[in-house]
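In what follows, chain A forms one complex with chain B and a second complex with chain C.
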Partner chain A sequence: MAGLATTFGSGAMTNSIEEIGRADVILVIGSNTTEAHPQVARRIFSALDRGSRLIVIDPRRTALARRADIHLQHRPGTDIPLLNCLMRLILDDNLHDDVFIEHRTENFNELRDMLYRLDPTEKAAVANVPPAQLKKAAELYGRANKAVICYCLGITQHICGTDNVQTIANLAMLTGNVEKEDTGVDPLRGQNNVQGACDMGALPGVFPGYQAVSNEAVRAEFSGAWGRDLPAEPGLTILDMTHGGGKTVKGMFIMGENPLLSDPTLEKVRNTLENLEFLAVSDIFPTETAELAHVVFPAASFAEKTGTFTNSERRVQMVRRAIEPIGECRTDSDIICALARRLGYEMNYESSAEIMEEIALLTPVYGGMYHDRLESSWGLQWPCFNRSHPGTVFLHKYNFARGRGCFVPAAHQMPGEQPDEEYPFLLMTGRVYHHYHTGAMTRAGNILNRESPEALLEINPVDAESLTLASGEMLNLATRRGTIKIRALISEQVAPGMLYTSFHFTEAPINLLTNAASDPKAKCPEYKICAAQLEKIN
Partner chain B sequence: MKGLILKKDNLVPLLRKIRKGGKLVAPVQNRHGDTLFEVIDDLDRQQLDLEHQAQSSLKPFFFPQNDPLATYNCAEDYSFEPVVSAEPTVYFGLRSCDLTAVLYMDVIFSQNGADTLYFARRKEAILISLGCNQPFAHCFCNNTGSGPFLEYGFDLQFTDLGDSFYVEADRARGEELLERWSYFFTPADEDDRKKQYQAVLEARSNFRRTVHVDPAVKRLAADPDLQPVWRELSDRCQDCGGCAYICPTCTCFTIVDQPLAETHGIRLRQWDSCTFSGFTRMAGGHNPVNHAEQAIRRRFLHKLKIDVEKHGRPSCVGCGRCVDICFGGVDMIRFIAMVNDLKLPAEEK
Partner chain C sequence: MAEILTTCVYCGCGCGLYLRVENGRVTGSSPSRNHPVSQGNLCVKGWHIHEFIHSPRRLTRPLIRRKDKLVEVDWDEALDFTAESLARLKEKSGPDSIGLLSSAKCSNEENFLLQKFSRAVLGTNNIDHCARL
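Presenting the complex of A and B:
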């Protein structure tokens, strides 16, 4: 988010999902698209059916990587040297887009100087990728008529997440693959409404529509609408809160989130939540976090409420109440309004349509989004400034949101933790196809839970052999922060020295082990890398 | 039996009468533009849709996705009560492929003793099919022997003749229905019969896709090496099970107990899919069918090879629904094309 906002001026997928199917070259980096974003993967498949080419950059040999024309299986945490190296090769082959760089971007000289100073052979070695393959990838992407880049949490969940994103943006701008249809840079958002949550200002420093809290005019407008003075200082990031030990904040209201399984270094999270003076949790099923709550609000599920979700391609879509809320549960907006009233603030909306009207009033990019417009269509893509605006298929047409695209060169940064003699393995975490986040919903589903009943630790056959390990054996997996028991799965998806598992399972809470090191700008924790050791349980 | 004519204006009045004798199920277009088979409660409010293919088949009516088998109570007064529910139901507007699929399910659910729940519903069912003058985008029932019109198997079959339907009966229950409501119908004359025959002929030439089912079935019977096909399809498969759920002839299920409280709950029969790894995984974790490739293989070979050996015809009815539903394009039409495109060593000579 922070990365693209700096370079392009807007932190969202620049394309529509449909456009990906029409690109000539698709570069997928840090995304297990078939498992995490099947609806995007199907567009990649149709592009491949048409003859488009696919480059996958991923430390794991994922299903998509197996279908790729080129798979660069690099060392985790070396995205910047690898992408810099690609850019250098593109420059050397004169495949960059001079005209685009001249007319649409700024600060190119700084990037160029940095690229000319680096040694491609050395960077290839750092990334542990054969130089010949890199060269092929550079040619493929550099020569593409229309290229898109898709990335996901494999890019952002690093100590250098923001720099990773900016480097991707550099690559796209260098070759002129933005601002035009079927080209662009696409962060794939994981949850049905995570884009919407960000749009609505569920970030520390912004009001809805990414309007900074530090901006006095914006603040005055929101103060006027809400009848209260509003703080000019950004709020706290999630780790500041959940790792604060109960000192940074004294009370929390957690909605639809389960930090006691999803946040890194769970010991700290538990310590914080237990030391809060007051904790309220709202969710549709009981969660690990809810067990610590003083008050639990039973929330209505998607089928029991009317409102909108905003998906990865900035598309705002209606959901409509199909059944009445079951038992005592209430919709999220009902819960918030009732709570606000008890706290002495008269918050009354007669319907979610009325809330949407307030959003349209205060959020320029949502300015034309009203329920009656959304009702009869597949939704509208922001920016959509007024009632007659048709919405926006791809961002930055003819002009970046910030005027010119800004090259922000970045150098390699060492991950927060590296394997060493004591902790020789590099542990990555991610998701599996059958479960959603902490499994609060999916683990309650019989077939889904049967398909994927427990956490599995992927380990390369070479490592398994040296540990005389059989698939299915139980292991103690330890990092500097803790130890969990987990079952081994011998798999060539991971390279030697690498381990991979998911964070869905409360029986093997991997986030007891993960590192709380985080990106200084976006504050996103480095879930993707920590040093680990293994021991067989006899 | 001779054909009869039903004026289109009289269709809704007839259905209204039929509904009084029991449930009526027909394709209905909802306000979001989706056409699904629904129980008709109000013929004036629900928009009958005979123009589009229903997105789902009749499978959920005879074999629901979550089908309660029994209720249990393990408090002091222990009890275990089987649940059987069925009521007389007329199904109107199903297509030839849907009807063929029901006839196939009859065979499957009568193996190893007739399935109580399935046949309770089936015995109460009257099936009125509507032939397809204009096959839909992905239809290939002409090549699976299940349409666009049928010669037998239906209780009644309707053929659209423009301003009227040509109606014929194949089973006694269909004839009873025609007798009961005889004043809605007039006898068909020679001209009507010719028009009906013409509609059937034209429909056969209206298919938009050519899918060579028989050559593929023949090739599969010879056990060719299909490794590249399984590889390609399994890489594309995203393991959602949508194909099995939407397929009118996929009948795999699992049985689970769903507690409703500490002491009582229900035993459910739930749809399952042979492409799921949990379908064959044993308690100790061992899975005799371990790779996605083998799961895909089992699904396609079951439809086009094993069922041909067992029942003399493929269990794909050519409805094309798997083409619409699949994220990755792992559908029957693609599979058949891949099998037919395969260079087989024996044939190269």
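Presenting the complex of A and C:
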């Protein structure tokens, strides 16, 4: 999100999901949309039915890629040279939007100079994409009346994730495909309330509403509301904590997360959690992380509490209690308030609606979000500044949140790790349709487990043949960080030399293998690329 | 039987769905026809969302580690022990010796409270969640 915040002034999907279905050209990059965001994929398919055109940029031949007018199956980690090349071709064909660039943006000259210096043929070779295909894609996107770009973790989970995002934003601004209805740049958020958790300031550097903790006036306001002096230095990020070996932080409270399956280089996470002087976990299931805790709180699930989630299109909507908490479970709100009171801080709320009132008072973009309004509607999209504000369907109408959109040119960076003689394969990780994140919830269900009972490693038929491998055989999959056993699935979804699997399965904990090299600005680890080797188990 | 309109927890789409409740148990789910995102559709995860709620694997009582084993205790004991441990760490090593992970699966209200707890009660900005993961 750091990327969009720098260029546009706000880090969120600029469109509503509905708008995607009305675009003329849809460019999807780094998103396996049909499996990870089925409702977005549905909008893309209905746009295709109306005659819209689809460009997919993805190292895998996904279900969506098979439906695309153009599929650029590039080498993982070469998004920047590929997109820069597209922009150069757009400039050469004079398909850029001069008026938009002149009136709505700044720093264009720096981007233009960089683009004129690069050699499109060389960049196409780096990305391993046929130049003719690139030219077709540039023309399609460049000539579009209304174009939308959707991206997901295939873009952000790289060592250069922030630069990737800014390069996507450059492409949209170059052609004036943002600030207008049915055009925009849309990061599809992976988890149901990841947008809300960010909005609410569950981040080390910002209060709710992305207000910096280092800003004295902001701090004074929160300090006044909460009656305590507040720390000014930004805190530690998740990997600083979970890879700290118990030295960066000595005690942790983990609410509803399972870093011991989700974080990269799991050996480091285990070492850290085992070395903590104190670990408390609140969760609905006994997760891998909870097994190491000193205290475990049984939390209520979404069906047992009332509150709000914010979806990918910034829509804040109600979650309603359907049943009483099972067993002795309590909501996380109750647990936090009870702990606060024991630590001498009065935290008392009659209901989640009352918590939302405090959020509205302290968070300008949530200023009009009250439960009574959300109850009587399908939710409201932020920014929604006050009780009479209708919410915002698409961002940056007439003006970017930061004033002018800023072009930030970026150059290719080598991934943190590359295949070599010893580790000849390139391993990518992601999700499958039937499961969600670390699988704590989806794997508890019979049907979902029946459909997708175990982790599968996708491997191209060419590579399978050279290893004399049949589908369903077991393999040892190794990287510099560890080895796991996993079943092979021979599939043309991956190109020769590439492997793909998911991170949902504790029996094949892929994050034992992944590389913790991360983007310096967003601190997002490079889950999408690491070098691996394979060995058949006889 | 009752049907409760709520929001799906499986991805950033945020589909509107009804949970069917019979005798205090959630027994099924179905899409909302008029919801702006789902429009009468759910993916396979949404259709089966009720399955995990009553899973026998759910945690139902607070646990405390004693001699390398997690044993069931009552709420007061678990909360007292946690509050004392956090207070002791803060006293001994300072507020920044404590780190908190919030959750992209929890509600806005819960995320708001946990960062308030971190900043106002404990006095540290060491709070994050797995947006990056």
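By our rule, the second predicted complex is superposed on the first by the 538 of 538 C-alpha atoms of A that agree within 3 Å, B and C clash if a C-alpha of one lies under 4 Å from a C-alpha of the other, contacts with A are read in each partner's own complex, and residues count from 1 in each chain.
The rule is simple: a residue touches a chain if its C-beta (ideal position, glycine included) is under 8 Å from a C-beta of that chain, and two chains touch if they have at least 3 such contacts.
The shown structure was predicted, so the numbers you read here are calculated from the model rather than taken from an experiment.
A.B. asks: With both complexes overlaid on chain A, does A:284 touch chain B (first), chain C (second), both or neither?
C.D. replies: second
A.B. asks: Applying the touch criterion given at the start, work out whether A:525 contacts chain B, chain C, both or neither, answering first, second, both or neither.
C.D. replies: In the superposition, A:525 touches chain C alone.
A.B. asks: Name the contact category of A:467: first (chain B only), second (chain C only), both, or neither.
C.D. replies: neither
A.B. asks: Kindly classify A:393 by the partners it touches after superposition: chain B alone (first), chain C alone (second), both, or neither?
C.D. replies: neither
A.B. asks: For A:125, using the defined touch cut-off, is the partner it touches chain B, chain C, both, or neither? Pick first, second, both or neither.
C.D. replies: neither
A.B. asks: Between chain B (first) and chain C (second), which does A:114 come into contact with in this model arrangement: first, second, both, or neither?
C.D. replies: neither
A.B. asks: Residues of chain A touched by chain B versus by chain C: which partner has the larger set?
C.D. replies: So, of the two partners, C touches more residues of chain A.
A.B. asks: If we overlay the two complexes on their shared chain A, which of chain B and chain C does A:253 touch? Say first, second, both or neither.
C.D. replies: The answer is second: A:253 touches chain C but not chain B.
A.B. asks: First (chain B), second (chain C), both or neither: which does A:299 touch?
C.D. replies: Only chain C is touched by A:299; chain B is not.
A.B. asks: Touching A:45 in the superposition: chain B (first), chain C (second), both, neither?
C.D. replies: A:45 contacts chain B only, not chain C.
A.B. asks: Can you list the residues of chain A that touch chain B in one structure and chain C in the other?
C.D. replies: Touching chain B and chain C on chain A: residues 38-39, 42, 433-434, 446-447, 451.
A.B. asks: Residue numbers of chain C touching chain A in their complex, please.
C.D. replies: Touching chain A: residues 2, 4-16, 19, 21, 24-26, 34-38, 41, 43-45, 48, 50-55, 57-65, 70, 75, 78-83, 85-87, 89, 93, 95-117, 119-133 of chain C.
A.B. asks: Can you name the residues of chain A that touch chain B in the complex?
C.D. replies: Those residues of chain A that touch chain B are 34-35, 38-39, 41-42, 45-46, 49, 63, 66-67, 433-434, 446-447, 450-451, 453, 472.
A.B. asks: Which residues of chain B touch chain A in the complex?
C.D. replies: 235-236, 238-241, 254, 256, 258, 270, 272, 276-278, 285, 327-329
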